[in-house]
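Once you scroll down, you'll see the structures, which are given as structure tokens.
Shared between the two complexes below is subunit A, which pairs with subunit B and subunit C, respectively.
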Partner chain A sequence: MIDFLNYLINGSLVGLLYALIAMGFIVIYRASKVFNFAQGELVVFGGFIVWWMVIETGLPLVVALPLAMLLSALFGLIIERIFFSRLVGESAFAMVMVTIGLLILIRGLILVMFGPQVRPFPVIFSLKPVIIGDVLIPRSLLVGAVITVVVGLGLSWFFNNTRAGLKMTAVAEDHQVALSMGISVKRSIAFAWALGAVLSTLGAIIYLSGKSLNFLASDIGLAALPVALLAGFESIAGVLLAGLIVGAIQGLVTAYVDPVVGGAVGSVFPFVIMLVILFIRPTGMFGWRTIERV
Partner chain B sequence: MDPAGIFATSFARDAALVRTRPQQIALALFLVFLLLLPVLFGPRLLAISTLILILSVVTLGLQITTGYAGQINLGQAAFMGVGAYTTGFLATKLGLPFWLTIPLGGCSAAVFGFIFGLSAVRIKGFYLALTTIAAQALFHFFVLNLPWFGGSNGLTLDPATLFGFAFVTDTSIYYLCLAVAALMTYGAYGIVRGRFGRAFVAVRDDDVAAGIMGIDIVATKATAFLVGAFYAGVGGGLWAYFVRFVAVDQFTLFNSIWFIAMIIVGGMGAITGALVGVVVIKCIQEGFVSLGPSVVSQFPSIGGDVVFALMNVFLGSVIAAFLIFEPRGLMHRFDILKRSYRMWPFPY
Partner chain C sequence: MKNRLLKWIAGPAAAAVIVTATPASAQTTYNIASLADFTGPYADIMKDLVGARRAAIDWWNDEVGKGLGIRIGIKDYDCRYDAAQTASLWPGIKAELNPVVILGVGGPDVAALQGRLPADKVPMFMSTGSYGYVWKPDPWVFNPRPTYGHEASAFYEWFRGARGIKGPLKVAIISSEASPAYVDIAKGSEKFAKDNPDKAEIVETIYTEVQPTDLTTQVGRLIRKGVQVINIQTNTAAVVATRRALQALGKTDIPIMMSSHNGLIASGKAIGGMKDLEGDYEVYGMAVPTDQKSRAHDFQQMLVAKYKSQANWTLASIQGFNQALVALRAIEAAARKVGADKVTGEAVRNALLATPLTSEQTFGILPNLTYTNEAPFPVSGLTVNVATIKDGKYVIAGENAPVPVINKW
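Our next item is the complex of A and B:
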């Protein structure tokens, strides 16, 4: 029983971490209607910025972390300025394909700037686990979960209740309509990429704290996809619930099915969930019902 | 558009692929060049050429799925892997000859692709792309966990044999790949200008309008995946006989992304575009790989891995630049050039 509780809670917390990464997808989708395949590379890039600030230049954490966020926001803005500001009015297809080009490009940039070696990531949250009763919880995941929930609810409020957020939502509905309503699509996309990059850096900090880092860490971007899909691509608060569900299921499957089958069912299971969602309810739990069916 | 003075006087003439005398000569010269290539080039260039032929087959499939039918496919490497593993399995465990294993590899890949293409029943656009990512993940899982594929050790193949002749040397395997690639290219031309190809283009351009015109959209999309995956599987089979070793990390999501890059650069919606894209991207990659060591020896301060990374930076920018400045790729540029040459001195 206590094992079950352990797996359940840890799985859910990992799920919330996925939710934070998935939020990066959703924010960019929600404000620009672009599905960003390069999300995992953004996470790794953010991670390397933090590593460079803390380990290489030796700044104290209090200075380094906000500075890293600022730098990654700047990186997001640069991406928007170079690529996406030229593509306003083009088809969504072209924009999404550009993110595939970005994936290759950012991976190359990471290799040029930081090399392929495995780097130690700074310990940001103490490695001592939190122990409640008999349940053992890694501190970084617990703190991360709190941050995720706060950020998720905050962003959800921002996108659904403020004037600026609703403007961006209009951009996600339709670029042409948004333009004709006097909304700046360009500014919305710029904001989306800055925010997406910052969220990715935040995700990297929680995900990598005390672990090692190299360019292969970008796989987490794909692992977060089922979460974003289960929530529906437009719902920011929904992604928290979706993260809990996917994480808990994955945790339990890893614990109880993997030893039986003798393979990594846990790591592939989210994709099975994803396929099932796509077949049964492509809009996810909270997505807008605007998917055109044929 | 045909040059001035060329008029089709019969249906056969109108349907012909090669339409003018200069085109016939160019095609003949190109084929002679391909046949003589092992004599002209050294072993390294020959190996690269063989690789280009194999990748051409796979990219042709992606061109049909993505370029013609407009279905984004991020699982082409997985489909190729299914073909390679099927070929490897049939050849090593059952001892079937290559002229059976390669088509069967194509068929098994086609079935695998068809299953994921079926999700087009419910969804479209980028959601469909996500199912192909799932295909990639599931492929890895199944290969590593099913007992028949050697797990993480991979499969090692014997060379292909035909009437006692073994395709061991680089030259012989080159001719095998050339024959298959030529056949598949001819087939691709046949598909895209026939009934199915027109249905693909109609669905790509506007699926609602296509449906109103009486095209079965779901069947068309699923067929596009079927054909594209079949090409990938055949390419995978060739790969298995070329490398004679099949491992799961030869078919990653990153490889799928490279295939997409190839059709973007070459030009979407043109069979020649796929071939041009493969040649251009592969030549740039190999150029970086072979020039890299001499650059490093000139400037020892940059490490060897930086050159490889720079290649990614360069190609990533090339893809983005093509999408921004010329979304229809190199072939479209070439067509514009050809057209204005034929029109000259008139503007239109």
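Our next item is the complex of A and C:
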């Protein structure tokens, strides 16, 4: 029973980490209708900025982390300015293709700026786990889960209750309509990219604390995809629930099915969930159902 | 009249002397295609690996090739550790360079070329351990080391002896299904344990992501199963995640065993310091690049001093040396057998299979090697070396530990 609880809790916490990364997908999608294939690369880039600030320049964490967030936001703005501000009103397909190019570009940039070596990521959260009775919880994941819930609820409130958030929602509905209502589509998209980059850096901090950093870390972008799909690409609060579901199932499958079949079913299972969702309910649990009148 | 006759005789005679003398003094040039990864996952070690290959060839051209009338040329090709890239570059390499030998980097090169090389009659020399799925007769791809499963099994035996463990060693394997090679590595150890239950017991094989999110739960399970050694022959990210999990669980006395591509130095850099890897091990069938004096280290230093070698004393450079030296010694043997001007890829392969290579010929970088037509690596007589971190220092823990016999899996 204790084992079951351990696997369930740890799985759920990993799921919430996926949810944080998935929020990056959703924020960008909501503002620009772009599915950002380079989300994992934004995580890696954010990770390298943190590594550079803390390990290379030796700045204390309290200074380095906010600075890293700021630089990430700037990076997001630069991406928007160079690529996406020119594509306002263009087809979603064109924008998605640009994100694929962006993926390759960011990888190249990292190689040029930081080199190909595997880097040690600083220990942001204590390595000592939180022990409650026989339940053992990794501290970075626990703190990360709290941050994820706070950020998720905060963003949900922002998008549903503030003028700026509602403007971004209008932009997500239709660029032309938003423009005709006097909403600056470019500004909304720029904000979304900056926010998406900051969320990715936050994800990198939780995910990589005390571990190593290289290109492989971008895989988490792919792992977060089923969470975003289960939630529906428009729901930020929904992504928290979706993260818990995907993470808990993945944790239990890893614990009980992997040893039996001798393989990483746990790693694949979220993608099985993703395919099932796409078949049954393509809009996800909380996605918008668009009604088009001809 | 007499003078004219002398001139008439002397002219052609002198010409004949020049003609017959020319082949002996001229050098025949053969090329080596040096596959590399300058922009892929192993870009960070390529400078040393390629630098070592070039340095070994400079030395050979100067001190061996001259005497044989052979000069070896080398050209690098960036295959990005990508089978598709290697496969697409190969026809061009063949047409441009007409190589007698290829030096490969890793599994993608093998996957791309192993089917073509028997027809193209060009052998490829690797620097890494081999794999169960290429363990087939009539090879054209050659490894100087046995499979990673063999190397791990040699470590299990060495470790049992070093620690005085009487029963089977309880081993856990942390691997990944991201690459067939990683799965094969685990299968090799599992086969050894299955055939030798008195020597090793695999308590669990955990397949995880290549960059694991968190392994605390899985490692906790291994501890409860009484694991004595954790085998990680995949990458440094897995080593770091496992060591962090062990630290989180307060079990820092369970050693991790690594290989050459994710060894102590690389993993130490990835985790942020060697002290975190105190008591961990790395194992492979070639020299260990510690600061301790050795023939292999002397060879590397000689290359730096005399041939301006750019290769530092690292695992990557040892890998570059090992494959280059095996290839060069095979070319040497082929030249002696068929003649310096008749060396072909096929002659090099035949010479390698017919001529045992001594450890002295590779300056102690490799053990004695006797290739046969049964496998891409020598199936018997191999040994491994073991390194560890002791008091924060990278040192040799064991040398020439015999590689046990493992049946195919």
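Convention: the second predicted complex is superposed on the first by the 290 of 294 C-alpha atoms of A that agree within 3 Å, B and C clash if a C-alpha of one lies under 4 Å from a C-alpha of the other, contacts with A are read in each partner's own complex, and residues count from 1 in each chain.
Please note the rule applied: a residue touches a chain if its C-beta (ideal position, glycine included) is under 8 Å from a C-beta of that chain, and two chains touch if they have at least 3 such contacts.
Computed from a predicted model, the values in this text were never measured in an experiment.
Engineer: Given the superposition on subunit A, are subunit B and subunit C in a clash or a fit?
Structural biologist: Overlaying the two complexes on subunit A (C-alpha atoms) leaves subunit C and subunit B clashing.
Engineer: Which partner does A:5 reach: the first (subunit B), the second (subunit C), both, or neither?
Structural biologist: neither
Engineer: If you stack the two complexes on chain A, which partner ends up touching A:78: first (subunit B), second (subunit C), both, or neither?
Structural biologist: After superposing on A, A:78 lies clear of both subunit B and subunit C.
Engineer: According to the stated criteria, A:177 is in contact with first (subunit B), second (subunit C), both, or neither; which is it?
Structural biologist: neither
Engineer: Just subunit B (first), just subunit C (second), both, or neither: which does A:87 touch?
Structural biologist: Touch status of A:87: first partner only.
Engineer: Using the superposition on chain A described above, determine whether A:111 touches subunit B (first), subunit C (second), both, or neither.
Structural biologist: In the superposition, A:111 contacts both subunit B and subunit C.
Engineer: Once the shared chain is lined up, is A:103 touching subunit B (first), subunit C (second), both, or neither of them?
Structural biologist: The first partner, subunit B, only.
Engineer: Contacts for A:220 in the overlay, against subunit B (first) and subunit C (second): which applies, first, second, both or neither?
Structural biologist: Second partner only, subunit C.
Engineer: Where does A:282 make contact in the superposed view: on subunit B (first), on subunit C (second), on both, or on neither?
Structural biologist: first
Engineer: With the two complexes superposed on chain A, say which partner A:264 touches: subunit B (first), subunit C (second), both, or neither.
Structural biologist: both
Engineer: If the shared chain A is used to align the two complexes, which stretch of subunit B, 6-14, 24-32, 42-50 or 222-230, clashes with subunit C?
Structural biologist: After superposing on chain A, the stretch of subunit B hitting subunit C is 42-50.
Engineer: Subunit A residues touched by both subunit B and subunit C?
Structural biologist: Correct list for subunit A: 111, 115-116, 262-264, 267.
Engineer: Show which residues of subunit B lie in contact with subunit A when the two form their complex.
Structural biologist: Interface residues on subunit B, with respect to subunit A: 72, 74, 119-120, 122-127, 129-131, 133-134, 137-138, 140-141, 144-145, 207-208, 211, 217-218, 253, 257-258, 260-261, 264, 303, 305-306, 308-320, 323-324, 327.
Engineer: Mind listing the subunit A positions that touch subunit B in their complex?
Structural biologist: It comes out as residues 35, 37, 82-83, 86-87, 90, 92-94, 96-98, 100-112, 115-116, 222, 225, 229, 261-265, 267-268, 271-272, 274-275, 278-279, 282, 291-294.
Engineer: Help me check something: in the complex, which residues belonging to subunit C touch subunit A?
Structural biologist: Residues in contact with subunit A: 39, 41, 43-44, 176-177, 204-211, 213-214, 216-218, 220-221, 235-237, 240-241, 244, 247-249, 266, 269-273.
Engineer: What does subunit A use to touch subunit C in their complex?
Structural biologist: These residues of subunit A touch subunit C: 3, 6-7, 10, 14, 17, 55, 111, 115-120, 122, 127-129, 136, 138, 140-141, 207, 210-212, 214-217, 219-220, 223, 251, 254-255, 258-259, 262-264, 267.
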